[in-house]
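Supplied in C-alpha cells, the structure appears directly below.
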Amino acid sequence: MPLESYLLLGAAVFAIGLFGALSKKSAILILLSVELMLNAVNINLIAFSNFITPLTMKGQIFSIFVIVVAACEVGLGLAIVLMLYRRRQTLEVDKYNLLKG
Amino acid sequence: MSPDQLAFFILSFMVIASGLMFLVSKNIIHAVLYFLLALLATAGIFLQLKAPFLAATQILVYAGAITVLILFVVMLTISKDPEVKVFGQTGIVGPAIAAVSFFAIMAAVVSRSTFTPLPAETAGIDQVQTVAQLGMELYVEYLLPFEIAAFLLLIALVAAVYIALGRGHDAT
Amino acid sequence: MDRLVLYTILIQLLPFAAFTVLILTGRKLKFGPYLSIGAMTLALVLSIMIMIKFAAGELAPIDVSYEWFTIPGYDPISIGFLIDPLSILMLVIVTAVSLATQVYSIGYLKGEARLNWFYAAMSLFTFSMLAFVAANNFIQMLIAWELVGLCSYFLIGFWFTRDYVPPAASKAMVVTRIADFPMILGVMILFYYVGSFAYAPSFEIVATLPSGTITLIAILLFIGAIGKSAQFPLHTWLPDAMAGPSPVSALIHAATMVAAGVYLVARVFPIFELSTVAMATVAIIGAFTAFFAATIGMATLDIKRIVAYSTMSQLGYMMAALGVGSITASMFHLTTHAFFKAMLFLAAGAVIHALHTQNIFDMGGVRRRMKLSFIAFVIGALALAGVPPMSGFWSKDMILAQAWDKQEYLVFGLGLFTVFITAFYIFRLLFVTFTGKMSEIVEKHGHESPPVMWGPFMVLAAVTILIGIAGIPIGSWAGLGHWMGEFLAASGGNIVHESNIVVIMSVSAALIGILLSYLIYYAKVFDLMKLKSLDFLRQGAQNSWYIDEIYDHTFVQPTFSLSKASLTADQRGVDWAVNGVARLVMGSGMRIRVIQTGYMQNYATAMFIALALMVLVLGFAGVSS
Amino acid sequence: MIVEMSELLVSVGWAILIALILCIAVATVAGVALVYVERKVLTDLQIRYGPMKVGFHGMLQTVADVVKLIGKEDTVPREADKVLFWLAPIMVFIPAVLAFLVIPINSDLVLLDWDIGVYWIFAITTITPVGLIVAGWSSYNKYSILGGLRSAAQQISYEVPLLLSVLGVIMLSSSLNLSDIVAAQQATLIGPIHSWFIFLQPLGFILYLIAGLAELNRTPFDIPEAESELISGYSTEYSGMKFGFFMLSEYAAIVVIALVGVLMFLGGWDGPFVNEVPLLAPVWLLLKTSALLYLIIWIRGTFPRVRIDQLMNLGWKVMLPLVLANLMITGLVLVIAPKVF
C-alpha cells in the first residue's frame, strides 16, 4: 500500500479522536479520545518510518516515545479522574464549568 | 488485489469502524472495548508496516496496561444511574465540523504532497528490519531521550500515586 | 593630565561630592552643612590658588576636550574645559560668594528641618555654575545651564509650604525656559553650520558665515541670556524669586546665576563682535534694563525687591558694557557687583531675619539696633551708587568710560541718568530703614544677628572696599596699570580709556542722587507724596510698569481661555467618544461573555475550527501567490 | 475485483485458518491433557486414585468432561450484558492460543519464526485480564466483578517481574526469538553441562517460576478464584462450554508458561543424542515441559494459599527489587566479562 493511504488512515483516526475529545461527556472517554489521537500520530510515524527511513527506523523510535508519553498521560489522567470523582461524585464534564465567564 | 491491500482494507475498516462505535456507544464499558479493538487493529496496521515490535508494544501497553487500568477506573467510578448521555453540552455539530475539516485539510495536504525515501536509505525499502536494529538505534543514537523518557515515566508514576491517594485534601 | 585641568575638575567635583553625600544621607547627617561648607572652602582655596598663579603668569590658558560620544559625520561630542582668565575669575566669584552665603545660612536657616536638602541644593547649584563656567562647548554649557535653572527652582521653592512660593518658583522656571528655547535653537543653528559644539571651532567658522546668520545666532543666544540675567522684557521672574531665602537671593539672584547670562555673552563674545546689530541690541537692551529697573526701584516698598531691581539694573549695566564692546568693564562690574550685591542681600536678610517684615516703611531706626548691618549696608549702598573709593564706583565708571569712548551716547546717557536714580533709591532705602525714629517692630524685635551671619557680610564688605583696586585705571589716571584689563587680556579683555569728564559726571550724578534722597527721606525737607502729579509715575513704578499685567493679558489670559475651551472640547467631545467606546466595548463584552461557557470542550472546538479556517485561508493565499 | 478479492480471501484465509486451527488444537490438546495430568498427580499426592472409569486409568475422563460441558445447558444471568458475557471467554481463550504461534518444537519447526518471539507471547497474554474483567462485569454479580478485578490486578502486578525476570536471558542470548535463545544454550559450559540459562540465571529462573504462578492465578496465588471467598471468582455465573473455554485457556496458559520456561531456562529441546537423532528434540522438550508442569502441580498440592496483601507485598516489595538486582548484575557481568576472559 502506498504511504498516502496510511496517512489518510491516520488522519481519519485523528479526526475520530478529535471529535470524541470535543464532544464526549465522560471524562474517561475524553481521555481515551486523546489516546486515539496519539495513536493516529503513531500510525503516521510508523508509516513514515517504513517509507522514508526504512533503515534507521526513526519513526518507530519516535512512536516508542509517543507511547511512553501516552502511558504517562493515562496514568496521571486516571489519577486526576479518580480525584475528581472523589470530590464531585461525577465524571460528566458538563458538571465541571468553573471557567464560566 | 494483493494480500497486502486486502489486509490493509480489513484492518483500516476495523480501526475506523470500531473508532466510530467508540464514539456512539452508550455503554462506557462497550466504548472502552471498542477503543481496545481499534488499538488492536492498529497493531495489525503496524505489523503490516513491518514494525512487529511496535505492534507487540501496542498490544502490551494499550491492551495490557492502559485498557485494564481504564476498566479499573470505570469500575471504581461507575455511576449509580446508568442513564448516561453520550455527548456533552458542546453538541456534535461543532466537533463534527472541526473533525471533518481537519480530515479534509489533511487529505488535501497528503494528496498534494510527494514522499520519497531519504536518499541514504532507499536501500532499506525491501529489507526487513529486526528488533536488534531498533534496539541499537534506540540505545545508541537515542540514549539520552530514552533516559529522559524513563525518568518521565518515573515522575508520572510517583505523581499518579500521589494524586490518586488524595493526601492533604478532601480524601473521602 | 594638566594640573590646571585637574584642579578645575577638583573644584567642580568638591561641591558635587558634597551634594551626593547630602542627598544620599538625607536628614540624618548632623554635620551636613559643615560638609558642604568644607567642600566649598577647599574649592575656594583652589580657585584663588589658580587665579594667583595665573595672575603671576605661571599658567597659560588651556582648552582640553575628552571625547564623550561621536555622531558620524560630525566632530566628536566631548567633555571639555576651557580655563582662561574669564572662567577663573568666575570660579573665584562663584566659590567665594557660595562660601559666604553657606556660612551665613547656618544662622539664617537655623532650625529648618530640611537644612540638609538646602545645602545639597546649594552644593548642586554651585557645581552646576562651576561646570557652566568651565565648559568649553555648548552641550556641556546647556546641561549646566539647565541644572542651574533647576537648582534655582529648588531653592526659590525651599519654603514651598508658603502659598506665594510655588508660583514664584514655577515662574522663574517657566520664564527662563521661554528664553532657553530660542537659545537652544541658536545652538542648533550654530551646530548645523559648524558641525561642532565646541567654542573654539565655532568662533572660527562663524566668521565665515553671512552676517544675517551670525546676527540670528547671536540674537537667539542673547535671548537665553536675557532670560537668565533677567533683562527686559523677560525680567519678571526675578522680583518674584525673592520669595526664596535671602542667602539664595544673595548667591543665585544677585551674584552668580543671573550673571550667567552676562558670562555667556562674554564667553561667546567673538560671535557678537561679528554683528553690529547684535551688539547694538545687547547695548540697548542692557542700558534700557538698567534704567527701567532703576525707575521701579525708586517706588518699591519691599526691601528685598528694591535690591532685586537694583540687581536687574546692574545686570543691565553689564550687558550694556558688553554691547559697547568691553568684556573687561562688564566682567569687572560683574565681579564687584557680585560681592557688594551679595553683601547687600545678606545684610537685608539679617534685617528681615530680625524684624520678620520686608516693607521698608514698617522699619526705621534700625541703625541703633543693628550697627554692623547698617555699616555693611552703607558700604554696599555707596558701592552701588558709585561713590569713590568703593569698588562699584570703579567698575561702573569703567562702563560709562567705555560707552563715552565708543561714542555710544545713548547708552552713556541712560547709564549716567541711572547712576543718579540708583543713588537716589538705594539711599532712600538706607534712610527709611536705618535712620529716623524707631518703629514699633524695630523696638520689639530689633537685634543684631549672630556672628555666623554678620561675619560673611562683613567679610564681603571688606572685599567690596578692596576689590575696586583691581580695576583702578591707574595707568591713565594715577600712573599705575589696569590690572583687570591685563588679567582678562587673554580672554579678549581690553583696556578701557578713562576720561576725567566721565568720572566727574558720574560722581556728581551719584552725589546729587544721594543728596536728593537725603533731603526727602532723612531731612524730610518736603514730602514727595504731596506731589499728586507724580502719582501715576509712582503707581506705575510700584506695579513694575504693569509688565506682569501686560503679559497676563496678552499671553496668560488667552492661554487660559484656550485651555478652558480645550477642556470643554475634551470633556464634551473627546471624553464622550472615549466613554462611548468604553461603553460599546463593555456592552458588547457583556453580550459576548456568554460564549465563555466554562467548558474546555467548547474552547477546544472553537480553537480547532479557527485553526481549520486559518489553514484554509493561508492555503488559498499560498495557492494564489 | 470481487472475484479476485474472494479468491485472495480464500487463499489467505486458509493459511490463517490452518495456523489458528493448529494453535487451537495444540492448546486444546495441551489443556485437556494437563487437566487430566493434574488430577492424576494431585490424587497421587493425596494417595488416592482419582478418575479411573473412562478409558485406561481414566485417560479419557477429561475428554468426556468436555463432551459433557458442550452438552450442558448454557445459562445466562437475566441482567447480564449478553454480548460481553458471550465474548469474555473468547477474549481469554484467543491470547492463550495465539501464544503458541511463536513456540518452536525443534530448531526448524515453528508456526511463525518471528524475531520478537517471546515478546509476542508476553504481549498477547496481557489481553487476558481484560477478558477477565469483562467476564466479571458482564455477569452482573458482585463476586464475579471482585474476582475479575482481583485477577486483573494480580496479573498486572506480576507481569512486571515476569517480564523483567526473562530479560536477563534475553540479554545473555541477545535475541527475542525463542529458537535463537535455545540455540544460545547449546554451547558447552563445563564438560557435559550445557550452558542452560538456569545455570547462568538461577535467580532469574526462580523468580520466573514464582511470577509465572502468580500470573496464572495458580496456587499459592489463586486468590481470584478462591472458592471459599469468591465462589470461583469471575467464572461463577459461567456454565457449559463458556466455562470450558475459561478452563481450557487457563490450562493452555500453564502450558505456555512451562514451555517458555523450558525454552528459555532449561535448554529447550537440548538433550543427549539430540544432534544424532533430530526426532528426539520434541521428545526432550515434552519431557522437560512435563517435569516443569509436574513441579507446578506439585506446588499446588503442597502449598497453602497466601493472603491478598501478602501477594501484593511479595510482588512489589520482594520480587521487583530482586529482578532488578538480577538484571543489574547480569548487565554488569556482561560489561565486565569480555574484559576478564
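By written order: A, B, C and D. Residues from 1 in each chain.
In the analysis below, a contact is a pair of C-beta atoms (placed from the backbone, for glycine too) under 8 Å apart; a residue touches a chain by one contact, two chains touch by 3 or more.
The structure displayed is predicted, hence computed values, not measured ones.
Participant: Based on C-beta pairs in contact, work out which chain pair has the most and send it over.
Facilitator: More C-beta pairs are in contact between A-B than between any other chains.
Participant: So which chain ends up closest to the centre of the protein, judged by Cα positions averaged per chain?
Facilitator: If one averages C-alpha positions chain by chain, the most central is A.
Participant: Return the distance between the CA-based centres of chain A and chain B, expressed in whole Å.
Facilitator: About 6 Å separates the centre of chain A from that of chain B.
Participant: Averaging over Cα atoms per chain, report the distance between chain B and chain D in Å.
Facilitator: Chain centroid spacing, chain B to chain D, equals 27 Å.
Participant: If you average the CA atoms of chain B and of chain C, how many Å lie between those two points?
Facilitator: 85
Participant: Taking each chain's centre as its mean C-alpha position, how far apart are chain A and chain C in Å?
Facilitator: So the centroids are 79 Å from each other.
Participant: Quick check: what residues of chain D touch more than one other chain, meaning two or more?
Facilitator: none
Participant: Enumerate the residues of chain B that touch no fewer than two other chains.
Facilitator: Only 53, 57, 65, 69, 88-90, 94-95, 98-99, 102 qualify.
Participant: What positions in chain A touch 2 or more of the other chains?
Facilitator: 18, 22-23, 93-94
Participant: Run through the chains and report each pair that touches.
Facilitator: Touching chain pairs, listed by label, come out as A-B, A-C, B-C, B-D.
Participant: Sort out for me which residues of chain A touch chain B in the complex.
Facilitator: Touch residues, chain A against chain B: 1, 3-9, 11-20, 22-26, 28-29, 31-32, 35-36, 39, 42-43, 46-58, 60-61, 63-65, 67-76, 78-83, 85-87, 90-94.
Participant: Which of the residues in chain B end up touching chain D in this complex?
Facilitator: 1-3, 6-7, 27, 29-30, 33, 36, 52-53, 56-57, 59-60, 63-65, 67-69, 71-72, 75, 130-132
Participant: Quick check: in the complex, which residue numbers of chain B touch chain A?
Facilitator: So the residues of chain B touching chain A come out as 4-5, 8, 12, 15-16, 19-20, 22-23, 28, 31-32, 35, 38-39, 42, 45-46, 48-51, 53-54, 57-58, 61-62, 65-66, 69-70, 73-74, 76-77, 79, 84-92, 94-96, 98-100, 102-103, 106-107, 110-111, 115-118, 120-121, 123-125, 127, 129, 133-134, 137-138, 141-142, 145, 149, 152-153, 155-157, 159-164, 166, 170-172.
Participant: Quick one: which bits of chain C touch chain A in the complex? Just the residue numbers, please.
Facilitator: Those residues of chain C that touch chain A are 593-601, 604-605, 608.
Participant: Taking the touch rule as given, give the residues of chain C at its contact with chain B in the complex, in rising order.
Facilitator: For this pair, the touching residues of chain C are 597, 599, 601-602, 605-606, 608-609, 612, 615-616, 619.
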